[in-house]
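Each structure below appears as structure tokens.
There are two complexes below, and they share chain A, which is joined by chain B in the first and by chain C in the second.
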Partner chain A sequence: MSTMAIDPATEGTINRIAVEIGRRQRRRWLAILVMAAAAAAVTAGLSLGAVGIPFVEVWAILSGVHAPADAVHAMVVMDLRLPRVITGLLIGASLALSGAALQGLMRNPLADPGLVGVASGAALGAVAVIVFASAWLAGWPGPVQRIALPLAAFGGGLATTLLIYRLAHRGSHTDIALLLLAGIAVNAVAGAVIGFAVFVSNDQQLRDLQFWMLGSLSGISRDGLLPPLAMMAVSVLGLWRLAGLLNGLSLGERDAHYLGFDTERSKRILVLLIALGVGAGVAVAGAIGFVGLIVPHLVRVVLGTDHRFVMPASALLGGALLVCADTVARLVVLPAELPIGIITSAIGGPFFLMLLIRHRRELAS
Partner chain B sequence: MTIEALDISVIRGRTRLLDGVSLSLRAGELTALIGPNGAGKSTLMACLAGGMTPDRGTVRLDGRTLAEFEPDELARRRAVLGQNTAAPGALILEELVALGRMPYRRSSLRRQNLSIVAGAMEQMSVTHLVGRACCTLSGGELQRGHLARTAAQIWKDDGGAGAGFLFLDEPTASLDPAFQWHVLREARKLADQGSGVLLILHDFNHAALTADRIVLLNRGSIVAAGPPDQVLTVELIAQVYGIEMVRITHPQTGCPTLLPAAPGPGQTKMRHRETSHA
Partner chain C sequence: MRQVVVLAVAAWVGGSSIDAQATDRLVTVGSDVTEIVFALGAGGSVVAVDSTSTYPPAADALPDVGYLRQLSAEPIIAMAPDLVLAGADAGPLSVLQQLESAGIPVIGITREDSAQGLDEKIEQTGRALRLDRQASLLSREVGEALARLEGKRALIASPPRALLLVSAGQGRLMAAGQGSSGDHIIELAGGVNAVQGFAGYKPLSAEAAVSAAPDLIIVPSHSVEAIGGEAEIPRLPQLAATPAASGGHVVVVDSLLLLGFGPRLAEGEEQLADAFLTWERRTR
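Let's look at the complex of A and B:
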């Protein structure tokens, strides 16, 4: 390339910018830290529980060199805990990325899939299938039955995302008050429908329903897990790829267009991917709140606003957070289990209050 | 290179924001767009830049309608700075400027983009602000950061400033007089280096001293277009703005210079304009 002449002054500026970028990128050790945290969370998630299995043994089982005497342990790790941990990682990652993407799309730091009603909309779709369509679905082959639930949750999430976006979007900005009020409305409708569903459901359905309201990973089994996991993987990878678009959108939609983004098309893809991730997550584990709010915020405090760093770091931290919360949920009230949503809400509620206090002045205007 | 609007109209409800406007912008030429508030200046700029599609008429860049361009292809040939453009507070200034290189992210090398970002920051005198977050900058500093971003967006690949088209909507707003002239000089320099530049301005004398051509817009139509001494006449300004000006010749450049007339009759004229507008 370099036929271009750079004058010394420009060279000096380049060096200063490079130093500055380097200073920020040295925070990449934090990326390594986050990866280590995710690895530690996975190990802990596989090791701790009603049956404690030492870390070393967990790694031995994972690498396939366990002794025959550990067959029960191997079964616990591979068949019970591994699917749960992988699902937790993906749900955490897709919730965190959906939160970051929603905040970028709405250009508002308080948007969270739970708060603005996307998760409730998805839960509504899922509950509709469990209670009102289960008899009808019974006539269909197994694979159709298994994909119906995540698809319905995706549909509910998509409809809600479109609704709140249309409602809160005025001109070139999004009204946070309208956004949160729309979230309250959607949450109320979802609460009413789910309450009604609880009222009319039989015992089996009641057990299925309980975790929609609180969110839990206890229902996870290998059976039928593949479709929602694939949906979440698509959402995570897709949202990560849109990091550049989210950077452009931070200047506003028209300016993102002037920067060469096909804004209308990209926004549709963004909304689809958010609904896909949240919907699939809700289908598997119910509505788990606040992950999409807490994780991107923590990441931005440390790494800045560039979505090319925010997105992968949020995915890892979100996954780690959810696996940790799930492990705690399995341990605190042995032999029973606490719904994971209680733990994330217990952390997330105060966190949200703290954000409100910090942003009080902007919100009041 | 030319951008050519042919008989474009923009209609919102019953109002014609633009009414049959034809205008062409050429590379190497600086055009100033002036006119009263609500004349349709920003709408015309948005149409010429492809941010808005006119309800009637077409806008062509080198013979192709703007709709035929992929957004990123268009973005490599023109850059736009609107009024009140947002910038997230935590964004670092050089990250803001680097956003201008987004349309090249698949084709350019990192080092090359970095040197263009640095060159654009130098051109707009913001290099001392490297590492500062946007929320810590003053309005003028942020405005110059945005200007550096748009300059970087149409920077030639071989390292020189000045290619493509630059659209700036009131770029001197929120700048002190020194930086107003600095920005106008840089815009002039970009035009001399080969860019086509369209500036929306309110100050007649800014327009007279920097523009090759002035376009006077009123109520969605072009009232006059041509070299400064033909457009900035006391009669046209009185007709469009309803204010009385005195025209003198700049002692150094020979440019027409407009000064407000001594107070008196002008006041009643102003009231007249407001009532006729409603």
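Let's look at the complex of A and C:
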């Protein structure tokens, strides 16, 4: 008797099914794990800091059950830590989702809002407001002044997203080399304009710029935080809902069209939401790199490429990562504080190198 | 825990008497403010300083709350100060406001880079710490030192054209233009700023350096290393064609003595005036 022969095609299918079953099991665990990570990050962000506040007291303050024993502790938790944690969660989530969406839209694993210049474009918009429009804005009421910065960052992000998309998009795919080169060019232009802004700005403007270019959550106060938070929330929810479209796009634009997606219109919405999230994030905390690259990749390695799972997991993990990084930034050099961009880049740089090594063959072709 | 810290600070002061003051726990931000506080004898109450406050050594040894323009509120709150003295560069504003809403008084010390400005800083700091008597003593001391400087300045027959350079990293040099602290430093020592026509600190091109034709190049000590050492300065391509470089007239001044316009201003200015006199002797 000869052993039963399995032809290679069937074997491939069986393997794929096995992988899919494995993924489904992992998905459940991962959902729990990611939520636990986010919860742990939020807990750490709220209860750790330079001022030692007992864990129990932190929760008493947050729940408002009884009047806090120490007014300063209450202020530290409610006015310093809570806004930071909320902002960190939203920035992390919107950066990670923008990264995932950009990678889906470009059908390219190396598209990161920082690398391809979207963040620089947003930075450019924000710098323009700080340096060139501050005198003009001074005549306007407070709310207008506060929303001008996130709006300008959004505009800058939108313009660069459109630009690089037009440049790198060819037929139904995007060219990796063109995409990254366009990113280099955009980053160079942004660097030049920001350099010029530094050159001409006065002392006060320089101070605003400096604080904000390093990427930090330390200056966050409740004042004027609402517009950018709302913008990021819209971006996060919108991108999450477009998971189906991203799945369609991953088959190719023509197939997505046949599946019933109005691809042109959806792509425009996608670009708008990406720019909205990145722009608002940059406006609040400056340029924080690599979150949009690391998080979706980690999620895809474990969960596969289905965006219905990638998107929520990326949002949670991105938020958790940023809150963790911010907590570390607050604690390592006490009583001073590190800019958070240093920490995310220290994790993200090596990660990007690893990706490059992995994709070396594709990149070379 | 807090008592332990206070005890530790008291032990560290080494029994030297702390005058009757309203403040026991003080955070000072800005090298000039820190120096004034120590000169007023209140150094023992300082529990933390910013990263630019490196003089006196006792201040340098204290916990560091970070760069003065990029403070964050919680670490400062954690030091439990009962007063924060903030120099003019301290910020961001939102953080100072957060400190105040945490019940920590923040007193801003104004900055104007001149002899009067220094006097005002001393007076404001003294008032904030209720050490007015010590402040007027320090003011008088500083005034006397500045008067000695005046005498030295009178000896300079023809004011030299001086160029003050600071390093801006990556080999870039910035020249002190009109109204900058460097500009005031040169004038106070009896010189003339060689560069005219721009305000603040701006990058210096080779041609601009040649047309400025400085007799002397002044470099603050913190920038010397970044430029590549004192001996390298006259050899820098931007400067090689200037009279200062060909004559080897490069003066290194202690950054902390001068740039902060703190209480040791006159000491630093005297060194500079001496350098101007040496230049005059050598070129005549």
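Worth a mention:
Convention: the second predicted complex is superposed on the first by the 335 of 365 C-alpha atoms of A that agree within 3 Å, B and C clash if a C-alpha of one lies under 4 Å from a C-alpha of the other, contacts with A are read in each partner's own complex, and residues count from 1 in each chain.
Following the convention adopted for this analysis, a residue touches a chain if its C-beta (ideal position, glycine included) is under 8 Å from a C-beta of that chain, and two chains touch if they have at least 3 such contacts.
Predicted model, so just to flag it, every value in this text is computed and none were measured.
When the two complexes are overlaid on their common chain A, residue A:G157 makes contact with neither chain B nor chain C. Contact with neither chain B nor chain C is seen for A:G183 once the two complexes are overlaid on the shared chain.
Contacts of A:V72 after superposition on the shared chain: chain C is touched, whereas chain B is not.
Once chain A of one complex is fitted onto chain A of the other, the partner contacts of A:A18 are limited to chain B, with no touch recorded for chain C. In the superposition on chain A, A:E337 contacts chain C only, with no contact to chain B. Residue contacts after overlaying the shared chain place A:T10 against chain B, while chain C stays out of touching range. With the contact threshold set out at the top, not one residue of chain A is in contact with chain B in one structure and with chain C in the other.
Residues 1, 3-6, 9-10, 13-14, 16-18, 20-21, 23-24, 107, 244, 247-248, 250-252, 254-255, 257-263, 300, 304-306 of chain A are the ones that touch chain B when the two sit in their complex.
Contact residues on chain C toward chain A in their complex (touch as defined above): 1, 48, 51, 63-67, 69-79, 89, 91-92, 94-95, 97-98, 101-103, 200, 202-203. Against chain A, in their complex, chain B makes its touches with residues 46, 49, 51, 70-76, 79-80, 82, 85-88, 90-92, 94-95, 99-100, 102-103, 105, 109, 112, 114-115, 117-119, 121-122, 127, 130-131, 153, 158-159.
On the chain A side of its complex with chain C, the touching residues are 49-52, 71-72, 75-76, 79-81, 199, 202-203, 207-208, 210-211, 214, 216, 218-221, 223, 330, 333-337, 339.
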